[in-house]
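Order of writing sets the labels: A, B, C, D and E. Residues in every chain begin at 1.
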């Protein structure tokens, strides 16, 4: 048999998309997505966790063959690696403490401190629309840290994708303190074209297979079946 | 005691150092077993004795570098206040007093103990400037004069590690002289010196004696002891086996041990 | 040179140490300015001179602890191979040769340099066991005999830091004797000793001389030099100012400097 | 990596050609002089370094650099501020921590020992995290603190970063100072006491300078380690140069170029530190065999 | 919401068997210790050689070592390991391919130990250099005077004499190594830090797992301290008590 295809996952957990359990088994939406496309394309896939810091070099030095890691497709990144077509795209929301009333517009966030995860499309968006309108943008390494600081009162608002925010608002901590202030106005140029599978440049054969598989599972309903287990809205986006 | 047994009429002079019934134990080993000695101003007392007989330890007890296990020490009539330290031993009770008294006791160590991170001149001016509060310019002037006197002026900016043994010893003597001490404690001040320099140091010590400075010196050089001291103390096995003016000690020793000791040095 | 100027007919004896035109510079300071000296087997040569005249440096050059700037050294007729080191100085070219020659040159340092992490007996057996390959049992037996000879047997298991100066010096002598050296280099072997012990060490050195062991000793004790040496070298300002048998040096010194030096030691 | 060569150590004292090692010259430093620096093998090394730099510039992608220059410079500033601030504060704490372990009364000794053990025994990230997310998020619960003048400071992240880094440096360095204090020859301290110096004066004039001098090589290492610990503050939103580079990596998905730049920046900073420490080390010549 | 914070802590998460994460944490700790011992040993060897090279080597050796210690200490370990592991194996594979051999696969563990060893070696070089300088020169001179070869003098005199000076610095390095093993996460190696993050991220019980990891690290430190104290007591024999 051929060598199995090594699929890189970020070793740091990112529920509900991908996280290991204590027995070392990976679970989450992206795990099921990966299994679906591998089955569809008749590929023999194994999950290979790699720390986020080393995931790109692991790809280029062929220690893994593709990355399923909630990577947003942006023009800047396309200069370095290749992406499949998007496989999900979520709206962007803003949350804030229940005690304060404002909405997710530049005017509403004026003078406020907004937390975002570093090096995400949200950071770029927040800088472009809110930062320029008089808000302070603070960068966090992880989403959880930003959420924590919002609960602790060090932030006035947090901007992130709707799924991450939804999970937080449903947690004990989130339920107590915060609420959704609304989704931001879309700007595809900044917010990008959704999340794609990361691939080595020039690996077109695999890219075609993956693209075909995504199309197929979208068409045959597999995609919606496993998505429903995790989300009560359409994660593929418009 | 020198004041009593010395030939010159010394009784009217003030006491410089008075040690009474001094004991020192290191664990089970009793190094000093009850020593009493009074040095009057201007006295030059040489302490002789075999290796390991406790000479260095005795000198170190005087300025409390070793805390005596028993007994008392008085400097210029001022007894060093002692207290029980709770462990069955003694301890000085007034730190400031000890510091004050020490600051006028010049000590020259057997192993020199120059401060390695300072040049020679810095070593010499350290105590005058930082303990006695002499101005730096004055201390340097005086220090340079002293270094010239011991023939080390060209080495003033060298670090101790780069000096010969004799040069280090002379630097240590200059350092002790720099504080213009009331009394000097020399632990083998000439062990690393050649005869010419021994002569010079002898001269320096003689000058100091004329200035009414008291001196206690541990030495192995009998000739030196004979020439410079007005009183000799022979230490053996932790007690003063015999003492007296040089003529008596070297000319007519009484104890067998001293006789043997003196004999071997001829 | 002793072989020529000495009174006894020494020319038929083998050369033990031969130094030719030795120069040593520390930077701009020229400490030794061309010294030539031959010691024949059984010679006991005392090196005297003022502090800083280069006596220690001379001794250290013989076993290459200081690399000479110029000149050559031969041990038992075997010249130490030297080469240019590329920086305009010299360097020994054969490390093994230097090690081999050193292993039979017993050295006693001015500052003892006992190894602080070893007990006295460990210090003494270190070189025999690890350099000469003597069995441990034999080295210990011989070492203990030596320690007894210098009166340190009870301190065999003490660490150097807990010994008095004289005790350390005797330990250093025992350590040097333990390698059964062909020649001994003593840097002030008696500076920290009392007269009684000086006598002992003198005895030891005399014994060694009888065993045909060559000795070079730096000393400040003229009496000692006179008694033990068959040849005296007077060093001044980096050159041999005068040399000869003790009677001549002490009885009829020629140079003004030596006269002054001898005079001051009386 | 050219900064490496710049930091190359000149010959140590014992190796100096004779005409440079007079007693007077030893009081000078061993820092390179123009003549001593350009030896043939150094020229070769520099040529190698130059070719490596050339390859890096030629074969890799650097088009993103101008966009981030400003942020990188700011990041370097934050890194330096964090480094010097915490090292200075940490050292001030380390001295008493080292000292009481050598001479102090037993309660203080125990306290210092415990502090060192706990701080050195747990990851810095955990300490930072406990301080910021643990302790720091307790403060807002108290309206009194929230109203007070301290709140604008407590609300920021950097005070927690400074506190955690300072404690870490103090603990590691305290251990080093303990060894250094214990290593000063006893005789020299005795000499100081024999001249009537008070305990404080013995400490300030003899013990401390001697200990610091002998601890300098280790201190140098600890400072470089501290430099590399500063990136952790990025986890609590203090953006240092490391965080800027991580961000560049995540935005561009470039593998090596930003890391090489980071390496270069750290190299320059380290080279400066090494040179500075070597300068102080050589102020007092030591005779080594 | 329960008022008592203790009741909020789900101790079951620390159970040794899945779904508890206790076993995973312990396995992570063991991996950390293994790597730390490997890397530290390599570092000690490199450090000893480096210190002697720096003090007694020729001018070229000295310069090369200075570059080694400066570069390796300066460059963040993450960068080193990425360069060595990924770029290194990449180059190796290309080389092997052009020579007609198959691909080689360097294990992440070997690469990790190597990188940690090289980094520790640079720090240890400096620590030992300082310690050797602190040994009274006469001690080493005496060894030479008795004809010891440089290696013998090193083993019998210099190393034991410098040990008391080097131990505090070296024990610091050991403690740092145990935590530096976290780097190996980048090459996909599960050690304590990575599994802690995984456990915390999956369960959201950050405080619990970070503190648990802290306790494990602390336990390791305490055991290490005990060993270090034994070594130190032995090394300092012969030092006059202060």
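Following the convention adopted for this analysis, a contact is a pair of C-beta atoms (placed from the backbone, for glycine too) under 8 Å apart; a residue touches a chain by one contact, two chains touch by 3 or more.
Here's who's who by UniProt: D, E = ABC transporter permease.
No experiment lies behind these values; they were computed from the predicted model shown.
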**Request:** Enumerate, in label order, the chains that touch subunit A and subunit E alike.
**Result:** D
**Asked** Does D-E or A-D have the larger number of C-beta pairs in contact?
**Response** D-E
**Message:** What's the farthest chain from subunit E if centres are computed as the mean of the Cα atoms?
**Reply:** B
**Asked** What chain lies closest to the overall centre, CA atoms only?
**Response** D
**Asked** At what distance in angstrom does the C-alpha mean of subunit C lie from that of subunit A?
**Response** 81
**Chain centre separation in whole Å, for subunit D relative to subunit A (CA means)** = 38
**Prompt:** subunit B to subunit D: how many Å between their CA centres?
**Reply:** 46
**Distance between the centres, which are taken as Cα means, of subunit B and subunit A, whole angstrom** = 82
**Request:** Quick one: which residues in subunit B touch 2 or more of the other chains?
**Result:** 111, 161
**Prompt:** Can you list the residues of subunit E that touch 2 or more other chains?
**Reply:** 78, 82, 86-87, 137-139, 141, 144, 206, 240
**Prompt:** Residues of subunit A touching 2+ other chains?
**Reply:** 53, 57, 60
**Prompt:** If you look only at subunit E, which of its residues touch subunit A in the complex?
**Reply:** 1, 18-21, 23-24, 78, 82, 85-87, 89-90, 93, 185-188, 194, 197-199, 201-202, 204, 206
**Prompt:** Can you list the residues on subunit D that touch subunit B in the complex?
**Reply:** 23-24, 26-27, 185, 187-188, 190-199, 201, 205-206, 209-210, 213, 284-287
**Prompt:** Across the complex, what residues on subunit C touch subunit E?
**Reply:** 63, 65, 95-96, 99-105, 107, 109, 111-119, 126-127, 130-131, 159-162, 179
**Message:** Using the touch definition from the top, list the residues of subunit B that touch subunit C in their complex.
**Reply:** 48-52, 56, 110-111, 151, 164-167, 170, 188, 191-199, 220, 222, 260-262, 264-265
**Prompt:** Which residues, counting only subunit E, touch subunit D once they are in their complex?
**Reply:** 54-55, 59-60, 62-64, 66-67, 70-71, 73-79, 82-83, 86-87, 123, 126-127, 129-130, 132-135, 137-141, 144, 164-165, 167-169, 171-172, 175-176, 179, 182, 193, 206-207, 210-211, 213-214, 217-218, 220-222, 225, 240, 242
